[in-house]
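Should a chain be cited, it is by its letter among A, B, C and D, assigned in written order, with residues numbered from 1 in that chain.
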Amino acid sequence: MSKTIRVTVWNEGVHEKTHPEVAKVYPDGIHGAIGGFLKEQGFDVRTATLDEPEHGLTDEVLDETDVLTWWGHMAHHRVSDEIVSKVQQRVLAGMGLIVLHSGHFSKIFQKLMGTTCNLKWREAGENERLWVVDPGHPIVEGVGPYIDIEHEEMYGEQFDIPAPDELVLISWFKGGEVFRSGCTWTRGKGKVFYFRPGHETFPTYFHPQVQKIITNAVRWAKPVDRPAVEFGHSQPLELIEGWKQQ
Amino acid sequence: MSKTIRVTVWNEGVHEKTHPEVAKVYPDGIHGAIGGFLKEQGFDVRTATLDEPEHGLTDEVLDETDVLTWWGHMAHHRVSDEIVSKVQQRVLAGMGLIVLHSGHFSKIFQKLMGTTCNLKWREAGENERLWVVDPGHPIVEGVGPYIDIEHEEMYGEQFDIPAPDELVLISWFKGGEVFRSGCTWTRGKGKVFYFRPGHETFPTYFHPQVQKIITNAVRWAKPVDRPAVEFGHSQPLELIEGWKQQ
Amino acid sequence: MSKTIRVTVWNEGVHEKTHPEVAKVYPDGIHGAIGGFLKEQGFDVRTATLDEPEHGLTDEVLDETDVLTWWGHMAHHRVSDEIVSKVQQRVLAGMGLIVLHSGHFSKIFQKLMGTTCNLKWREAGENERLWVVDPGHPIVEGVGPYIDIEHEEMYGEQFDIPAPDELVLISWFKGGEVFRSGCTWTRGKGKVFYFRPGHETFPTYFHPQVQKIITNAVRWAKPVDRPAVEFGHSQPLELIEGWKQQ
Amino acid sequence: MSKTIRVTVWNEGVHEKTHPEVAKVYPDGIHGAIGGFLKEQGFDVRTATLDEPEHGLTDEVLDETDVLTWWGHMAHHRVSDEIVSKVQQRVLAGMGLIVLHSGHFSKIFQKLMGTTCNLKWREAGENERLWVVDPGHPIVEGVGPYIDIEHEEMYGEQFDIPAPDELVLISWFKGGEVFRSGCTWTRGKGKVFYFRPGHETFPTYFHPQVQKIITNAVRWAKPVDRPAVEFGHSQPLELIEGWKQQ
């Protein structure tokens, strides 16, 4: 119950190498920034990136992962289908998954949602304001009525996702759009949280309230301790006339 | 609004050819039975089966399909991935989809759900009783408090699906299990209904209340008339300082 | 099925008598404006107002009402608790209810929601843009990606409602807020739709897309034809050892 | 975060005084039994009953209550409307509420749901089996695929509640019915859990898995730490032409 939660922070890690303006904002990579504040919260944190063998997501790593966070953007297509299927199975078996910003187009998110996860977007560095609409949700513990982010990329509706199980945050953008910015779903035994902000050219992951949300989401998404679900052929639990055990 | 709804009834159509006891119950195939009562309701009905070119789901057929019903069991793996992707795109664009019984394991249902869609099962010919739990839903128009089916295959929970947007029916089985038997989801602009009963060795599709549910579901799942959703790069609708049109 | 839907348009009808600027916008009352466009759609429409005996909602009127629309603002407290309870019972028995704008604070809406239904507000005549977020919902049939209303009162989150069963529209306001503007719930056999716009000093109910939404909502909210739900003491449907009928 | 959760166990406490067969099963009252196992879990527990002044729910008690559990049956009508309103306000402000068994007909549950909360019932001492249908929910942590209770009162659908935000458990009854037995809702900042079993003549609250569910539900329902929600008149956060602060 009070065991330390083990988090694996996954990052594509390409922008940081190819775009100096991104490296300037995130000198340790986006994974470095996210892993950093999660460590400070006392979680057991490791990072993994696209270019590592098996993208850093070996069976051994996944065996020791309670919650996986996912940031990707320009190299979604380079993530192996095999790894994606493995991660999907882990989520269904209980591993939490937190999908960040442009991760909306990652294979793993699309696979778990069953939709394109497409949206409208614009890079105008405009102001984003995320309003809390589910004020009793543990993911917004310690957060005010809204979060202001001075400069962000715009994502606008229609966001092609299944209706979230819980809608926690809605974004307002100066340019005239709205967006469902904090959404939860359950898939199998696993909890999934999508959190919108986090464009690579802005220091969004250093924003204290953004860090608070991701920290809360890790706690919320940790697996519950239950036996694996059994499927398949099943004996009756009550007497059925004429039934012979098979 | 009052246009005739165009239904394509898809059936794997294998059991009927290989199992005489199935052919005896469904001499015109399961698609024949389902197509038959839908025609009587005034829908514009065609059927399609696995062995036809493109499984009978050519672009021309899909262009003229408002709602697709899907029955499959022993040959899910023989359905081409390309056709499945095409059907998924159609659903997201608004085509209704009604997944029947063992269709829970079809590629198209798994793809839209993002889960295994696994469950417990047993063939003991036991009694199933489907209780209405959403009494104002249009899918149960004209149906009593429950539907009794004398002999059916058992499907039991855990049913590995995303929590349905609407849970309409829950089944009771004599052997001791329950099952979420009538579930709706929206994916993109398309409506999806899963309806549990319909084992190939029982005359379930001749049951008047089962026919009523499927008929209602076709009406409920028909597309709404709206412009295609636009995604991608987007100009601001309000003034943003310094923005130059791109 | 194709029976004409009978709509009762309820309006408090006080502003129109006491505020000349409202009477100027709505010379036939807000109920006159709403009733007018609904009649043009072929519905069987009557109106009812606060000052009529039983607020115009006698048993005879309710017996002949499939869908009730509700607009109120300054006189919510003058609506009799007895009538409110009667309307609640009708909704649970299947009557549709469409709650408009400041009706968020009506006794009937609060009673069906179980919350305060409170919100933030401001009268600055600012621009409202309602974005469709459930693009396949019948309530947005024929509507574009968003609806622009040039001048409206602002309502902002937190909106103290239960999470809607379906969230159809989200509003953007120039002053920086968002709002869940089109929400559905089911209560008993009855469907409830809350639709935000409609301040008394703006000609919102003459806006073609606003009229389209309300028209669609009436169709969506019409009762389904099913037997009354039975409650209370219940004989077993299966054999229970030792049970004697009671 | 790791503060001890303060639970108030409310019980009508009438059956235990008037029905010797109930007193025999629950010699310390139903509240004694529930309070007992919650204390063993390390919660800070107090009890309150109908016959105490203000039913034991004074402002001082409610100020020190994180989660309230509620059992009542034959004396719902004796609970004061004023206390019910006070408890409702506390729930909206964040206090968790766990409604047990015949508490489905309590004023507080009806008030928060907006429906009759009616159902079918039968006392045949029949077997109940509660199936987990949301296997990753924290309320079923440590619980197997189902819970068997040898003798219980039957509650059957239609259960007249709003569709739960999360459906966690569904009951099977030997006599042929099903029931949504573990349901969650959010109202304001407060979490509500309804849990079906617990008839006064059966030792249900001594069942280890029933105790596990209630224990988990207390943890799940504890308030989040956030500022009180602000409502009412609101200044714009962005520039609106011509706006003067009011």
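To be clear about the criterion, a residue touches a chain if its C-beta (ideal position, glycine included) is under 8 Å from a C-beta of that chain, and two chains touch if they have at least 3 such contacts.
Remember, predicted model here, so these are calculated numbers, not experimental data.
More C-beta pairs touch across one of A-C and A-B than the other; that pair is A-B. Chain B and chain D carry the same sequence, and matching their CA atoms takes a turn of 180 degrees, rounded to a multiple of 5. Centroid analysis (C-alpha atoms only) places D farthest from chain B.
Rounded to whole angstrom, the centroid-to-centroid distance between chain A and chain C, based on C-alpha atoms, equals 36 Å.
If each chain is reduced to the centroid of its CA atoms, chain C and chain D end up 30 Å from each other. One finds 30 Å separating the Cα centroids of chain A and chain B. Residues of chain D in contact with at least two other chains: 129, 132, 134-135, 145, 156, 158, 163, 165-166, 174, 176-177, 186, 188, 229-230, 237-238. Under the stated contact rule, the graph of chain-to-chain touches is complete, every pair of chains being in contact. Residues of chain B touching chain A in their complex: 88, 92, 111-116, 118-122, 124, 126, 154, 156, 158, 160, 162-163, 165, 174-177, 185-188, 229-238, 240, 242-243. Residue ranges on chain D touching chain B, taken from their complex, read 129, 131-135, 145, 156-159, 163, 166-167, 170-173, 176-178, 180. Interface residues of chain A facing chain D in the complex, by the touch rule stated above, are 2, 94, 129, 132, 134-138, 140-145, 165-166, 174, 186, 188-191, 223-227, 229-230, 237-238.
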